[in-house]
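Think of it as A, B and C in the order they're written, each chain with its own count starting at 1.
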Amino acid sequence: MKLVVAIVSDSDSTKITESLLAAGYPGPTRINTVGGFLRKGNATLLLGTDDDRVESAIDVIRSAVEDRGVPADPNQKRATIFVLNTSRFIRV
Amino acid sequence: MKLVVAIVSDSDSTKITESLLAAGYPGPTRINTVGGFLRKGNATLLLGTDDDRVESAIDVIRSAVEDRGVPADPNQKRATIFVLNTSRFIRV
Amino acid sequence: MKLVVAIVSDSDSTKITESLLAAGYPGPTRINTVGGFLRKGNATLLLGTDDDRVESAIDVIRSAVEDRGVPADPNQKRATIFVLNTSRFIRV
């Protein structure tokens, strides 16, 4: 089981959540965050997923943010994704 | 040292925190989060603990949420817990 | 790539962010959190960084919080830092 931590713009987070649900993932847990140099509001999404579905989850997130078209600044990134190993995963 | 990430319902988070303190754990760091399909408010708790006290921390969390009795929907989960390895842990 | 999770006091978080930027790190993502026994407001900062720059990032955080001088209670800690391994890191 992996924990996917995706830092995304506020405006993309609903679309990403809907895309993940449509692809059969659980709804991610959303944290309101503030980030980066411009101190803009963004969102950090937490998603637990099986190891073999991590790449597909990344693809879903990528597709959701790329749908917005090319950013004004081509160096601007729209999502920063960390994938963490878990040593235990439990639902009670 | 492990980092325990527990996603719990808002209404359980105070009880879990009190139970952890009573069991000798440090007070967890609480993040207000929004999660899951129903987009309900929940809380994400961060708790650093020694490897050999992780299972006991999970038991404390489980007991605290089970105290509420059986949920209306038996498939409903009351806590999702990820345990992460840390490569460094420092307090300054 | 590592994910640094630093739990710091609210009053230190802006200074830490500025110090990290001045040292060439990306602006960390800031989460407003509540923590510890006194349930005081604090902040949790997320910073992705290369493995070989983790120690330097910790030094920057340490310097920023130590600048405030010795706390009234010498046992009081001003930052709790977890360093997590990532199995993937992607920016899209």
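Some notes on this structure:
In this text, a contact is a pair of C-beta atoms (placed from the backbone, for glycine too) under 8 Å apart; a residue touches a chain by one contact, two chains touch by 3 or more.
Predicted, not measured: the structure shown is a model, and the values here were computed from it.
Taken over every residue number at the interface, the positions common to chain A and chain C amount to under half, indicating a different-residue contact. The rotation relating chain A to chain B, fitted on Cα atoms, amounts to 120°, rounded to the nearest 5.
Chain A and chain C have Cα centroids lying 22 Å from one another. Shared interface positions of chain B, defined as residues touching 2 or more other chains, are 31-32, 84-85. Here chain A touches chain C in the complex through residues 2, 5, 7, 31-39, 42, 44, 54, 58, 61-62, 65-66, 77-85, going by the rule given at the top.
On the chain A side of its complex with chain B, the touching residues are 1, 3, 21, 26-32, 46, 48, 84-92.
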